[in-house]
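These notes are about the structure you will find just below.
Chain IDs A, B and C follow the sequence of writing; residue 1 opens each chain.
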Amino acid sequence: MKKVVIIAVILVSSAPILLSAQTSTTKVKTPSLSQETSACLDCHKQFTPGIVEDWLRSRHSKVTPASALRRPEMERRISAKKVAPPYGNVVVGCYECHGLNPDRHRDNFDHMGFKINVIVSLNDCATCHPVEVKEFSGSKKAHAVGNLTKNPIYHTLVETVISKKAVKEGKIVQLNVSDFTQMETCFSCHGTEVKVGGMQEVETKMGKIEVPALTQWPNQGTGRINPDGSLGACSACHARHEFSIEVARKPYTCAQCHLEPDVPAWNVYHESKHGNIYHSNHQKWNFNAVPWKVGKDFQSPTCATCHNSLITGPDGKKVAERSHDFGSRLWVRLFGLIYSHPQPKHGDTSLLRNKEGLPLPTAFTGEIATEGLLGQDEQTKRRNLVSGICNRCHSTSWVNRHFEKLENTIQEVDSLTLASTLLLVEAWNHGLAEGLPHGKNPFDEAIEQMWIRQWLFYANSVKYASAMTGAPDYATFKNGWWNLTENLQQIKDWMELKRKAK
Amino acid sequence: MKKVVIIAVILVSSAPILLSAQTSTTKVKTPSLSQETSACLDCHKQFTPGIVEDWLRSRHSKVTPASALRRPEMERRISAKKVAPPYGNVVVGCYECHGLNPDRHRDNFDHMGFKINVIVSLNDCATCHPVEVKEFSGSKKAHAVGNLTKNPIYHTLVETVISKKAVKEGKIVQLNVSDFTQMETCFSCHGTEVKVGGMQEVETKMGKIEVPALTQWPNQGTGRINPDGSLGACSACHARHEFSIEVARKPYTCAQCHLEPDVPAWNVYHESKHGNIYHSNHQKWNFNAVPWKVGKDFQSPTCATCHNSLITGPDGKKVAERSHDFGSRLWVRLFGLIYSHPQPKHGDTSLLRNKEGLPLPTAFTGEIATEGLLGQDEQTKRRNLVSGICNRCHSTSWVNRHFEKLENTIQEVDSLTLASTLLLVEAWNHGLAEGLPHGKNPFDEAIEQMWIRQWLFYANSVKYASAMTGAPDYATFKNGWWNLTENLQQIKDWMELKRKAK
Amino acid sequence: MKKVVIIAVILVSSAPILLSAQTSTTKVKTPSLSQETSACLDCHKQFTPGIVEDWLRSRHSKVTPASALRRPEMERRISAKKVAPPYGNVVVGCYECHGLNPDRHRDNFDHMGFKINVIVSLNDCATCHPVEVKEFSGSKKAHAVGNLTKNPIYHTLVETVISKKAVKEGKIVQLNVSDFTQMETCFSCHGTEVKVGGMQEVETKMGKIEVPALTQWPNQGTGRINPDGSLGACSACHARHEFSIEVARKPYTCAQCHLEPDVPAWNVYHESKHGNIYHSNHQKWNFNAVPWKVGKDFQSPTCATCHNSLITGPDGKKVAERSHDFGSRLWVRLFGLIYSHPQPKHGDTSLLRNKEGLPLPTAFTGEIATEGLLGQDEQTKRRNLVSGICNRCHSTSWVNRHFEKLENTIQEVDSLTLASTLLLVEAWNHGLAEGLPHGKNPFDEAIEQMWIRQWLFYANSVKYASAMTGAPDYATFKNGWWNLTENLQQIKDWMELKRKAK
């Protein structure tokens, strides 16, 4: 009954004019607000004012797709050739996003008389940003869920780490993994599969309302499987509801997932000369310019500069194309699984096969997969592209030496991973631990955990430090060479003690 | 003799007009400067100019209590109903704070002809801010010293960690704990008991002067026991002498004490979406507004938003009352001692009793204390309050799911603490280590240290990551599930080696 | 052929007027650009626009040495008494730095018709900044390469950590150290010896060009041995090509090398009250003022304030002289090798001799070297200087207590290092490990690695936390007392297990 009254109030009062009365941080001229969005705002400015204010700061609230399309191509932030009515001539408001493609959305529900999706999916964003969505869809980021869950080896590692445990008769027993713990550990970055389990009633400040009961939700992981079947969450990097290019370009966004000990990109950046200059001077830079001009808009790169933004010189000449396939500029995959290797051709890494027939990019003893990895030509092409970005500030010989050094580093630290692998094999063969040869979990004993540290934490740290022009401590004492060396010694020590205690 | 001359100079020259000649970053009109404060400034602008300049930036230097009281109640930064003469009509200068309640202050001394307290105590600040002082006085923060020192279990842990040690005949011998080390470790955050040990002569740039000889000083710990007997240091968060609300609201203030590995609130925040938005955009926010308006003054919360600030919507409607009892909005205490539990009813946690009769919130095997913890109703009320803050930006179902997840996480990681506790008990029972059953220190052997890591570092990290809407690495690899799992295995491994070496 | 044409184009077109056509972030009047620099800019604004834009932001691009010399002495950023023609009356452009002293530079080469040095050396910067160069040249920073490589003990530690390793017949075998790994680990901060190995052809966007083939390059380490024989890289802290005093004064610059776990100055600062105030308020400060005025230009110190900047009061009265010998204000060297000790008299620490005749500042059991360390008088003088800086904001008794506390802390944590050393000696004597008494590497076994952690990571953390007015977590749980205590126990535990397994 209450609900009915509320809807009636909205229907009577939801006119664009209402917005002018609101308390807003920004004065906006909003002749082009859709009627539906006006209705949304009318309630939500009272009940969730934070996101309304956030949206009011956004470009979405100020620009219509039609006007966005009038910009010169290089300056455009929209990749559709045209945006069909009714969307072209209204600003991009609540309903323009949450009301799209209702038939595809299993999370669509009747909300105050409107058909609303809880989740705005990758496919919805494609209405205006189809090129970005297409690029992203082929990337490892889009396949981040399946790359963990469909791969039995990675899956075992995940389960070993995040399963509940108990001690029974002096033994550690591995129990099940809860949905909630998945959501906030591995799959917080990788994404969850959001399913709709019927409707539920929730008690809100407006009274009781019915909303879809979503599982594995909330989640903004990069490869989220949406209720419309699409893969990916744009909001992983473009935080709701300002969707600011500035936030996405600043390193804190990537830092949410790419950080020590396993992927210490943020930590290495912070400690590098690039990071030093960023931290010291970034207040004076322009993080909103499209295209993004080297030297003029920024003095030192952030993650986005090298990995995906449309970059030009100060003269406007293109240096690198925008891409939302974040691996598309990269030739080598530093992140060792368990050794570094050429980037996969496709974002779905479960398609890879190593010489043992497993869906891994490298064999246990280091040989790279024969199928599914980039060939030499494509690698060279990509390295030249990235070198070209470095080259806008650094001399050619500087850049060449930098990448020669990186190649050497990869070989050296991978050889320290191999050394630990050979010790582990010896431990397994001598019965000091039970692993692959005995058909047992290779990730759950102390020596196996030390071995995981070698490649997942320490080798990665040194490689990231090397790749990002120097973070001496991450190469040396902070999860670096010190730890590679110390850990190798501890593995050997552990084996000796076990052997003597047998 | 020199001293006498100096005082004479001051008495002759200390007039408000002097201040106009000083080099200051801010032009201030100071008709309402007290004569005493003028005298202070006259010397101190020469001898400690840094704090004078700092004070000149403060609201204290520009506003009299009387004018502060003229603001509408919601905008007021002063909670006294009135401020008695002579304090109401002068700005809040040196003497207005350091000259209060001289009779109560054992640190009061004759300084250049004035009766000065070295330490401005909680009780002194109550002259203008009595509500804040009252709230704070009942909090765990106010009792932070006694909560460590009056509890024999915590006290033993403290002593074990920070006592000097020596090796005598191959054994590690625990020696005494020095005052200085107490001051800069545990009690740097918790606070020290500052006592006055007579007077001492110090050689200053003005010549020799006599000042009180304070013990356990300098210290700005939150629960400092002041020489007037009051508990607390406002300067722990409101840094001298600007006393800026902006500094207190920015997360760096809380971060001084709430950080990894034991209380990783700052680290988790830094890595969360809230932290990302803060770091990317905070330059554009208003950290000085009272009340503090969601969406309008800030886009994402800092610590103060959820824990204590007066928050309203952009429309000025109250969302949460200000409170300086920083635990007063919380229902569950994540920080495990050694398991999570309902928040204590009173800030003095030595009043708690667990089922073993010890002053602990939980028993060794997890049961919560029967006395002194919040009941279910109060817990629900508080959870609703905090949910209401979240709800200004997040939908009700989003918020509900978030707190359901948190509850699950607490149970799961506490069960991993329990698993480690059961192994420890087994080790004690089998003589692999000497602990409680043998009447020995339960915190000083290797297995005991591993056990402490389980609840103090790793379980806390996962719980904080969960509570603060996601910091995937602190939940997973960085002191999270990885470490809970690895540590449990190492405890078991250690026990096996010990058993075999027996 | 292509090269010839390019040079011809440059010679025809290289006139100052060209610059006016460029896309620049700053409008600059450049009547005083040298003809050579004009030629450089003409190409480099196309090929390396990032560094050209960076330079355009610099003071170098806007001020001639002659005009810099006209400033009052206290405000001067140039220490030469005069700068000889042709350098005095042109702005400091590409050629003014990269064209200096060609005869001394083994890295000088013919580049498009000009004689260019790849590396701008300390000696080149001395043209305008001779006092800074002289100060720096006597410092530990200038001798940072030799201090590692000429000292057989440190050299062994370096080799142990960063050498490649392999497992051969169950043993860990230490292989050689690569140039590249040296460059990006220890010597990334310390500096490399850059040598010229003939010329090489590189493929650039302008076609093939010949450039010197430098070894151990790129490197900006503080003690870099330059191809002209001079020691030091000003660009270690004054990042190319803006050479901003602001960047050098912000803590991120020092943080590149001075960070946890071995030298946790940055981490401690971040967590201290000073760091809190910096992070909260630094946007409002003036990092470019010379002299740098306490209270007026900044509210809390950064590294540069205490260690090397020219500091005055708000009234312009000198508090501390500028010095580019970064150890010159310090009396005690906190960094334990392996115990703290008075600062060395000279930056070349290989001149030191301990009682065992080794080039170390302390003996194995703690006695300080008899030769080469500061005497008591000089220590007192320096302590008074630094106390005078603290004293601009803190009372004399506050400052006195602070430094008394520091002295106590040094003694206490050094005694925990001694305890670990005595256990190590016992292990060596009982054959549990092979070290010095057996003429073996004292840094490569598990117990030795634990011992290194004690002094290099944990003792240092506590000492830095103490010295920098408090970072309670670095003193307690984060590489602090917790770890000193735990590690000591683990050393003892390891010894027992080894003894029983023998």
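In this section, contacts are C-beta pairs under 8 Å (C-beta built on N, C-alpha and C of every residue); 3 or more make two chains touch, one makes a residue touch a chain.
These numbers were taken from a predicted model, which means no experiment stands behind them.
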{"item": "Contact graph of the chains (line, ring, star, complete, other)", "value": "complete"}
{"item": "Copies subunit C and subunit A - interface residue numbers shared by over half, same or different", "value": "different"}
{"item": "Centroid spacing, where centroids are CA-atom means, of subunit A and subunit C in whole angstrom", "value": "35"}
{"item": "Interface hub residues of subunit B, defined as touching at least two other chains", "value": "283, 497, 501"}
{"item": "Of all residues in subunit C, those that touch subunit B in their complex", "value": "271-273, 275-277, 279-281, 283, 293-296, 299, 313-316, 388, 391-398, 400-402, 404-405, 408-409, 412, 415-416, 419, 422-423, 426, 465-466, 470-473, 475-478, 480-482, 484-486, 488-490, 492-493, 496-497, 500-501"}
{"item": "Subunit A residues within the subunit B interface of the complex", "value": "22-25, 45-54, 57, 118, 160-162, 164-167, 170, 172, 178, 180-181, 183-186, 188-189, 200, 202-205, 209, 211, 213-214, 217-218, 220, 239, 242, 244, 246-247, 250, 252-253, 255-257, 259-262, 283, 444-446, 449, 456-457, 497-498, 501"}
